[in-house]
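Both complexes shown next keep chain A, but they swap its partner, so chain B is in the first and chain C is in the second.
Here is the complex of A and B:
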């Protein structure tokens, strides 16, 4: 057991190191200069430009040799310092992310977990009913192939503008400040629903299709036929089929996380939801090295952590993994 | 199993419904809608600083300058008048002494009086710290002193830059000495200045990552002194992350004033879904000039004849009607905005100006030896080398992307091989500043009281390795540099001399065509009449103010708009 997790942990550490290095490197490889971009937005009208360019380049330590910048980056990272954003100057990146990330978690966690759970249940259920299989599955195919942005705009238009049931922008009503009251909580949920629903619907379709195919495969497997021949009740066979079919879905969840996060970012832009979605876009466009690094660091850590949890879950649900570890 | 799945699904549906219903029921109003003005389009990122010295859109917190901190003068670009604001009056008592008399009874929002001491302190900051944007003023300023509590005297060297100084008068925010004098250099130049204390019509209320909220200053000095009272009690400035959301919000009446560029607003305005400044084209007031910069260090754009042919080849009408669907107006070849049309020398324009004329372009090219040698449909240079140019703008700026597509198409039709390319904003910016582009669009001269602002952008000098604030095409001509310098040193009261200087500049601009002014970008503004009325519209007895919340424009009319708004019904 310890060796299993030790090995896993080592892999995660190496992955983290490589991912963060790439995260640091990529923005610096793109053409352009963050300080120039920052000062361009200041629309300086005078000779101040040259002076300020030198001033800020030094202030951000961008005049150091590249290897020195890399070492400084790791050093700062271990001290919990993510640097100062050039795009949102002079706010520290850590503050920007601290404000945005709760919204991401609040949106993503329920959407991912609920859609996974409901999609699997529905897929397994649909696989057994011919009529449902013929009607609902094509819809699921359609849903999962829908671009996030398009579905988001469609939902906003229908439920926001036409029907007026839900607001189309913001994380809570623009008529109030943050406070702990039922009205505020209600407003947060009200604003959360459409972005959540648009993510949920798309994820749901994907999981349902996967599960439906797996169940059909498992029901045709030799062990199912063998059980059937032994006269086992249908319910028991399905139970076994489901337990086997769920395993690839768990792996799928781990594999899909990166894609899911990317989709969520687009959805946040469509609904003006104040997570890191729009921040990443703006940070990349303005070559805000520090904000890009910070946002992706959060995503890297989130995805790795989720994968780690899924590894643990795998041990719990798949007896073979457990057996393998004990048998060492 | 059957029933279990059913139960699961019905539970799920119930859960989703209840979340929705709970949300729908629980919405309550906290800010009274009829007292709150919702605006958007100024901020593109979360609020990050309330430092009034952080210029331009760097602040992302529109209102810091104009609503909280105020300037000595305001300026109305529609009538081209400087409006005394914190100053009661200001005059040149001699060629190099300017005297400002402050209003009596000015106060900071914390109750302390605002006096000449504060003005002197503010001006001296820029002498001390060269990282402040108005520090260059001190190159021709000797000292700033106060005579009593109300009079401030600016003593200049023998050669003050009158044009720039006038511009500074309505752009330098006056900060309270008693709260700023103990701050460090870093706090003053780049500090975030949370909870700003100013003298203006609004106070900082709160902010979140997608909004800034300002609340009316009931003790504002101008309520008594000028009889001004802004109608909205609160201003909520919303940061939308995409334009479609802003559009939806205006249509739903949730957003009162949108300063976003929304394609297709012409149709919405015609159908009275939204209100715009003009009833018909161009619908919007003009905010700045979109100029096509040509890299004059690269052949064939080092040839004035070729540049002139380009000017004739570009179909500006298509940019206006197709790319912008009539939301902008074509620019004068002199580049000056309609508000500065007094400084356009019509004789020069008639003699040397250009309009879209592909036949003329072809003629000019042929006469100069630019002919299609290899039969590919595009002309080659007189020395036989192929011409293949790129016109750029930042990726994602959809209106400009459509415009450069028109430029590319019309140049190709005239036989000049020009492709439209859209690099990322950062890459575009770097290309522009380091001079590694062929042709690119730029509009960085803000709406201003003086033609010098535009010509300073177009003919910025000296030519350096990095051109950060103008003359991106590195057009090197000492004659015109001298002319622009001469304009800068003319007193703003000497209109005749300014006109003469502008005429000289325009003669060079139009005959040498170092860059091509194409169209006026709009001061994008669409308003909803649902909650607030009496918006600025064109007409005789209607409010005519700049209907904008953009950073740096409050003192150009935005604040007056707030004072003239009326609740609906």
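Here is the complex of A and C:
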């Protein structure tokens, strides 16, 4: 078990180190000077631009030797300093992100966990059930092939515009401030439902397919045939198959995190849901590079942390990893 | 004699290929869109970017898919977008498969330290949320083209293929015919390409199809967030504009329904093809 975690941790640390380095390097490698771009947008007169340029260069420490800049970047990072947003000047990037994160968690956690649970149950149920397999499988494949934003747009159009059942923008009603009352909670849930549903539906398709394929594979395994030969009831065999098939699905959850995050980002854009995705869009449109960089680092850290939690879950579920029988 | 046997085997392969409905449906849909991308421009009377018609006009005989809020021909944009979609899929998916093959073959065949270090590399690219990586890289490029986008996608999405190919190579490496080739003094590179690769051709084809579909979806997502090609059209860009310029409240569904539907149809058909091929290559999965 120590070997298992040691390996994983090493990979996560190296990944984090690389991600931070990329985050630092990219603005310095690509053409264009972020400060110049920022000032060009402000359209100041030449004199003021000059003063502003030196001020910002100094404020962002771009006048130091390159290695010092790199060390400073790490130092600042460990102090939770991700720079200052130019779009929401002078709010620190870390604060901007901190305000957006609760919405992401509120949206993603239920969507991921519920779809994983429901998709696995459904996939296991559909496998080798001829009629369901023939109708549900094509639909599931179509779902995983659907671009996240398109399903979001369709749901918003159908349930938001035509039927008018749900609002299609924001996290709560614009006429309300954040308060603790039942009407506010109701409004939050009302705004949350459509983005949640569009993520849930697409995730669901993927998990259902994965589980269905794994169950078929497990039902072909020797132990299944042996149980069958012993005359064990179908339900029991499927129970064992499910337990074995759930392991790759846990790994799959870890591997899919990147795709899931991408899906969440664009879904938030469609529904103007004020999470990290919406923030990134605003940052890109306003050329706020510090904010883009901060969001990037934050996503990396979130995904690495989630990976680590899934690793722990895997050890709890699979006794073989605990006893050191599986290397990876 | 050997030729006749070979021919018979190929016939059997084709026999099952034509019996497989999933494969037939998948290939037909992909071919339909491919033809549309190739010759569709002949049927479009307008430039995708030109402001030619009435504003927000529903589909008509003049504008098959209607017009945008600016009076652009949606069908012309759609055809250009489908073409861009295939280019991204082929280039991005192709590059990813190529890198995956390179890493997978070398890691699986060489083993030892080479395998270990390539494995660490694969795991790092696998664990990093590549979309976030693409986002930050694209954000810093002021001028982006379709080719550049495809290359970025290819460079970040190969680990899946690499892992699958590595494990296959690992199992083939210790087979007798590979040992024989090694003993007869064949160079490693030749062994890989003449002994190992042909025996996992089905795997490679399927890996390419999956990467093809994946690249299309990633590109659409990038385009939608505004980090796609800065010139030209794509299906993702169409959806971006539709949402940005209020197609939803205006109810101009013909603007945002076709691009997403095309992506879902193409990628879905590719996945479907893959299931069909899987059944073709692996008789255990065939439906009786």
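Definition applied: the second predicted complex is superposed on the first by the 300 of 328 C-alpha atoms of A that agree within 3 Å, B and C clash if a C-alpha of one lies under 4 Å from a C-alpha of the other, contacts with A are read in each partner's own complex, and residues count from 1 in each chain.
Please note the rule applied: a contact is a pair of C-beta atoms (placed from the backbone, for glycine too) under 8 Å apart; a residue touches a chain by one contact, two chains touch by 3 or more.
Values in this document were obtained by computation on a predicted structure and should not be read as measured data.
Since both structures carry chain A, what do chain B and chain C do when superposed there: clash or fit?
clash
Quick check on the superposed pair: does A:255 touch chain B, chain C, both, or neither? Answer first, second, both or neither.
Second partner only.
Applying the document's definition of touch, where does A:316 land relative to chain B and chain C: first, second, both, or neither?
A:316 contacts neither chain B nor chain C.
A:229 contacts which: chain B (first), chain C (second), both, neither?
After superposing on A, A:229 lies clear of both chain B and chain C.
With both structures fitted on chain A, tell me whether chain B or chain C touches more of chain A's residues.
Higher number of touched chain A residues: B.
Looking at A:153 after the superposition, I want to know if it touches chain B, chain C, both of them or none. Which is it: first, second, both, neither?
Both partners.
Of the two partner chains, chain B (first) and chain C (second), which one does A:163 touch, if any: first, second, both, or neither?
neither
Quick check on the superposed pair: does A:66 touch chain B, chain C, both, or neither? Answer first, second, both or neither.
The answer is neither, since A:66 touches no partner chain.
Looking at A:125 after the superposition, I want to know if it touches chain B, chain C, both of them or none. Which is it: first, second, both, neither?
A:125: touches chain B, not chain C.
Based on the superposed arrangement, let me know which partner A:182 touches: chain B (first), chain C (second), both, or neither?
Touch status of A:182: first partner only.
Classify the contacts of A:216 with the two partner chains as first (chain B alone), second (chain C alone), both, or neither.
After superposing on A, A:216 lies in contact with chain C but is clear of chain B.
So the two structures are superposed on chain A. Out of 240-248, 258-266 or 276-284, which stretch of chain C collides with chain B?
Superposition on chain A puts chain B right on top of 240-248.
For chain A, what residues appear in both contact lists, the one with chain B and the one with chain C?
Overlap of chain B and chain C footprints on chain A: residues 30-32, 153, 156-157, 160-161, 168, 269-270, 277, 281, 284-285.
Quick check: in the complex, which residue numbers of chain C touch chain A?
Listed in rising order, the residues are 120, 123-124, 126-133, 135-137, 139-142, 213, 217-218, 220-221, 224-227, 236, 239, 242-243, 248-249, 251, 253, 256-257, 259-261, 263-268, 270-272, 275, 284-285.
Taking the touch rule as given, give the residues of chain B at its contact with chain A in the complex, in rising order.
Listed in rising order, the residues of chain B that touch chain A are 1, 5, 8-9, 12, 16, 19-20, 22-31, 33, 36, 38, 44-46, 48-49, 54-58, 60, 130-137, 139, 164, 167, 190-192, 205-206, 208-211, 213, 236, 238-242, 244-245, 248-249, 251-252, 254, 394, 396, 423-427, 429-431, 433, 444, 446, 453, 456, 464, 466, 468-469.
Would you tell me which residues of chain A are touching chain C in their complex?
Spelled out, the residues of chain A in touch with chain C are 10-12, 14-15, 18-19, 22-23, 26-27, 29-32, 137-138, 141-142, 144-151, 153-154, 156-157, 160-162, 168, 216, 220, 254-255, 257-259, 261-263, 265-266, 269-270, 277, 280-281, 284-285, 289, 292-293, 295-296, 299-300, 303-304, 307.
Per the contact definition, I'd like the list of chain A residues that touch chain B in the complex.
The contact residues of chain A facing chain B are 30-34, 36-53, 55, 59, 85, 87-91, 96, 99-100, 114, 118, 121-122, 124-125, 153, 156-157, 160-161, 164-171, 173-178, 182-183, 185-187, 189-193, 197, 235, 238, 268-274, 277-279, 281-282, 284-287.
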